[in-house]
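The structures considered in this document are given below.
Both complexes shown next keep chain A, but they swap its partner, so chain B is in the first and chain C is in the second.
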Partner chain A sequence: MSDMNLTLHIWRQAKGTAAGAMKTYQVKGISEHASFLEMLDVLNEQLQEKGEEPVAFDSDCREGICGMCSLVINGRPHGPDAGTTTCQLHMRRFKNGDEIYIEPFRAGAFPVVRDLCVDRKAFDDIVAAGGYVTANVGSAPDANAVPIPKEQADRAFDAAACIGCGACVAACPNSSAMLFTAAKVAHLAHLPQGQPERLRRVKAMVTAMDAAGFGNCSNHYECEAACPKGISKDYIALMNRDYAKSVFVAKDAKAVSDGAG
Partner chain B sequence: MNLDARIPSGPIAEKWNRAKFELKLVNPANKRKYSVIVVGSGLAGGAAAATLAELGYNVACFCFQDTPRRAHSIAAQGGINAAKNYQNDGDSIHRLFYDTVKGGDFRAREANVHRLAEVSVDIIDQCTAQGVPFAREYGGTLANRSFGGAQVSRTFYARGQTGQQLLIGVYQALARQIAAGKVTMFNRTEMLDVVTVDGRAAGIVVRDLVTGKIESHSAHAVILATGGYGNVFYLSTNAMGSNVTATYRAYKRGAAFGNPCYTQIHPTCIPVSGDYQSKLTLMSESLRNDGRVWVPKKAEDVAKASKDPGSIPDEDRDYYLERKYPSYGNLSPRDIASRAAKEACDDGRGVGPGGRGVYLDFRDAIKRDSQAKIAEKYGNLFDMYARITGENPYQQPMRIYPAVHYTMGGLWVDYHLQSTIPGMFVLGEANFSDHGANRLGASALMQGLADGYFIISYTLGHYLAGINAATGKVGTDHPEFKRVEADVKGRIDKLMSIGAKGKRTVDSFHKALGHIMWEKCGMARTKEGLTEALKAIPALREEFWQDVKVLGERETFNQSLEKAGRVADFLEFAELMCQDALEREESCGGHFRTEYQEGGEAKRDDERFCHVAAWEYQGEAKKPVRHVEPLTFETVKLATRSYK
Partner chain C sequence: MSWFVSYVRSSVGAKQLMAVTGLGLVLFAIVHMIGHLGMFSGRDHYNAYAHFLQGLGGLKWIARGGLLTIFVVHMITGISLARANAAARPQKYVVQRYTRTTFYARTMALTGLVVLAFIVYHLMHFTLGWIQPDYFHHLDDKGRYDAYSMFVLGFKNTGILISYLVAVTLLCLHLAHGAGSWLQSLGLNHPKYAVLTKNAGPALALILIAGYLAPPLGVAFNLIKL
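Showing the complex of A and B:
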């Protein structure tokens, strides 16, 4: 139950265009009940007291849902616990005297903004390419007009649980965004509302993903292991199937606009 | 100050329809000639930006997170209300309207609340069409659950992450408009001031949080949907970045602030564990559907109950909500449940470290329905609780305590959602409109989406129809923009120059402010306490402007500087809150003045305070003026709230 003293090795980089390096800090008196980010808050207070600039890192909800926090801890995106975001990791997972390595989510498509903060706008671009249902306000039928079997709604939900954090990309040796894109594709592919644009969507999203500079998938599945929301790699297979279909039917443009499949 | 609420005439149930017919329209071909600024990409702002773009307006949308999909709405857990009556349990638009007016303790505008109840049904249809995966029954229809302050099941939900699913729906619609070129999105950009020209909103001044550059944007109209200000208390359930800057800056430029003291303290949050604590975590109200709230009957049992709650037999437990409010029981409204928890702890019967906690116990529900059933309903909340506390809530009850959660107060708006600055509209939690002195659970998501999807398109159209598209927008080279930019830069310069020598960190000031607010302007407020706070806050603010430490440079990504600006605004705004709380000499909803109670319940004073307090800024170091918009209740009879 006693407080911890820790040695931290943290990536410092003044801005995107500057060179970065690991720097070592000692932090003292950390409670086991504190969260990992609260431990960094304490470090930042201690640094500022000494006149050093605090370490920049992203977080907002600190409840594991907004996807803003994005640290690689001891080589693992979001740290050692399965199904847990950085902000939900607690210090009782560590012990007095531990050394901890803290780095940003690295990927060519996620440039560093400063220290541990990265720019994940490439994810927005993938969604903008087609990750939606075209349904203007005013045009919706009654919500119970189309019954959706519970199992199907649950499967859509499982895919929609993705928080867009990017840990899957950071974990992948090729920096592939397949798991994220597949989650988005699968969410809408499991719902009747998603059918009319199904093939058009998958084609546009995969094209945008490639254009954003993410790497290819070579079936390592580090993504699934790192994902804090348990997004299944099976969605990648679903996306690949839909994509193959979309390329095939695209030859007949009419079939795509009719949403075959 | 003109506080005409512009409520349409006619019977309550016909007002909105009549307004929709009477409001002026902008012809479809002309819409593209107008531009609109939307600050905020949560449910309210994101929905407004997408919907206005669908109609053809040119929209610029701003948020301080790295993508619009992370707005604080994402954290909402429990659900969203709508008067669908899919459960055939007696719900109706009128009942949702009635519950909301009563739940708000008769301090909201009837006409606004009725409109909210009317459009609630369209929201569920719209979200479903977008692919929001709401919970369903085996037959494929939508499922519902109950929330506090209601005797019907009208809450739609998506496991424990309704906010994220609704926001993804909004974000998808927004992304489509971004790709179509109708919305220009500015991520990691913070609005720091409003520009008015000839008394109308003309644009905003922002800081690019990555480069630190100050820039101006102009438009025909400005919409603020910047969320609530619960973080004035430092510890709250709000996200770390939630702040008052946008609405407070607008207030300083002439927008009236409505009921700033109305704060919602949520009864079920995980208690504070230490002084490093950065935020408090909500355990959704939906848990009160199955969890029973109790403390030991006798203070002597506290030590035993804290160590082994299971060892306290039923007859020695005080299920105080069930005892005091038998018809609503564990689902009593939030303000009432929070105060009851505080009373139990003040009475020496609180459990856990520091005696600031009560139990939320699932023992009976697990016995009745099985652990698997409970896990299916609340699994992610139980996991979250276990992760934060290191305790297993399937085996022992959750420890909970009230925490600041939501702010009913906000910028004053009329029925059109327009502030007292013409051309500046305010949506979502940022306005003061629909919840009176207490918000019912699952009604904030409903209000944000009502404002953004279904209301602003009509009322903004009416405003724009009266503005010349060619001459109605001033350029950012206008001297007024230059003047406001200079103000913004001046403030940043001042923070940086004091900050380089200062000794006390921004967070330490924020914590100190939060402490004052929680003690003096929290769950129970008194004249003495508020008067003390009104001395302590200016003193703290003065120290801030002499000794705050802000390192680094201004034209870089500088999180200390961001926080310093937000805390500087909280330090001014807190005074306005306390002033409002002091002058409202009654108890209503979440505003509990210890002097005004009857049998332990809040005692309203309808003779003197059946009104909205709208505060007008008068200048640095001058007392703001309190204006009044009287509230009349024509449909729901003014009555003492009873949940017994």
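Showing the complex of A and C:
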């Protein structure tokens, strides 16, 4: 197969406080076997040879598990393929002569650090608010010491597959972080270890999510479509249900309003 | 009550408030539609129905007050959510492609505001009698308030008919999203009735648009006449 020449429109922004703008670049001779990030690496080599600033973008594992890569590609977080992170997107998905728009994940709660890099610390704050079990459990227990029905374990695992990339926020018309937060809530809500603090956790995590300035979910489900890990919107329903319980049913109102321990 | 205030101010609480008030309004829309399908049963029946509603006295005012409260809460919460959501993405995308959402879900604020304006007009027309005062005080041969003739004469007016068709269509677009969305917002979600969660909105919207358009179109095509 022949190599590709492409026109790239890339968001350039020197730093968070500076104004940004789209800038157009040409790249030539991209192999269809290259990953999308390798294509950007080629562009950056070209830029450096010309003495220009390379385009800043995030990545780490480049195998779809760390959640570091971001990028909105032609209007879709992580690009056109379902269930795929940007680092797993390959150039065979494009054709010679294509124009590609590359923008950062956009949300007020994800401020741009530089070019295509955004600060997703707000997600850390949500997890820090309650995405764990407070009991000190010592070393790892024997497998199956705590019996968990397979279906429950599967659902917990499906939720735990969230890599915290933020594509759900980037895709949401409202910049809501409900899918991420729901995945973290649901992961523990399906396990026996998560039960004692279940309602306290959901309350604390939703409070942290709201404080970070994300938008409000209005059930568009763009998050589910964009999520590279196939996290289901059904977890959002679970979070909605548990949150209502934490307000209207939970007895330890004091502990609840104080947030997770 | 501070716990309740912080509940409705939270993102989950606000959407549940939208869900509960929206559900109340959908139920009203269904009852209102069924009531007006009575236009097909003739002047006597329809006026008897109107007479019955008028005669409810205190109950009528309680229902009106409740409905108004629900409506105002739904509207204020909706507007404040729409504003917060717009503000949550200060820098918009140059290119953004949606794959899952619908145009009616994305225009909820717009259709909501148009429906609001229409409802004000609708009340001025049929409840307050300001729009066509000449038709407002007719009595039928049993001495009852003649709602039937007001309806027919009202929709003989092409401008009123068209504004009504447009408003009802927009209302049903609003409900195509809202009338199913409340299930997810309240966390009522299970594979057993996933088909309901998915289709309740569009299905109800289709039923309502048919039910709401039938009587005025009946007037327009002379199936319902004086």
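One rule holds for everything that comes next: the second predicted complex is superposed on the first by the 244 of 261 C-alpha atoms of A that agree within 3 Å, B and C clash if a C-alpha of one lies under 4 Å from a C-alpha of the other, contacts with A are read in each partner's own complex, and residues count from 1 in each chain.
Heads up, the rule we're going with is that a contact is a pair of C-beta atoms (placed from the backbone, for glycine too) under 8 Å apart; a residue touches a chain by one contact, two chains touch by 3 or more.
Predicted model, so just to flag it, every value in this text is computed and none were measured.
J.: Please work out whether A:222 is in contact with chain B alone, chain C alone, both, or neither, and reply first, second, both or neither.
T.: In the superposition, A:222 contacts chain C only.
J.: Does the superposition put A:22 against chain B (first), chain C (second), both, or neither?
T.: The second partner, chain C, only.
J.: Report for A:74: first if it touches chain B alone, second if chain C alone, otherwise both or neither.
T.: Only chain C; A:74 stays clear of chain B.
J.: Once the shared chain is lined up, is A:249 touching chain B (first), chain C (second), both, or neither of them?
T.: In the superposition, A:249 contacts neither chain B nor chain C.
J.: Quick one: classify A:10 as touching chain B (first), chain C (second), both or neither.
T.: A:10 sits against neither chain B nor chain C.
J.: Let me test your reading of the model: by the given contact rule, A:135 touches which partner, first (chain B), second (chain C), both or neither?
T.: A:135: touches chain B, not chain C.
J.: Enumerate the residues of chain A that count as touching chain B in its complex and touching chain C in the other.
T.: None.
J.: Flag every residue of chain A that touches chain C in the complex, lowest number first.
T.: Answer in residue numbers: 9, 11, 20, 22, 72, 74-76, 101, 103, 106-109, 112, 173-176, 178, 206-207, 209-210, 213-222, 224-226, 233-234, 236-244, 247, 253, 257.
J.: Which bits of chain B are touching chain A when the two form their complex?
T.: So the residues of chain B touching chain A come out as 50-51, 54, 65-70, 72, 74-75, 84, 86, 122, 124-131, 133-142, 158-159, 161, 163-165, 168, 171-173, 175-176, 178-179, 185, 187-188, 210, 239-241, 273-274, 276-279, 281-282, 383-384, 387-388, 390, 453-454, 457, 505, 507-508, 549, 551-552, 556-557, 559-560.
J.: Within their complex, state which residues of chain A touch chain B.
T.: Counting only chain A, the residues touching chain B are 14-15, 30-31, 33-35, 37-39, 41-42, 45, 48-49, 51-54, 56, 58-68, 83-84, 88, 90, 92, 113-114, 117, 119-121, 123-124, 127-129, 131-137, 139-144, 147-150, 153-154, 156-157, 160-161, 163-164, 187-188, 191, 193-194.
J.: Can you tell me which positions in chain C touch chain A when the two form their complex?
T.: 3, 7, 10-16, 81, 84-85, 87-101, 105-106, 108, 177, 181, 184-189
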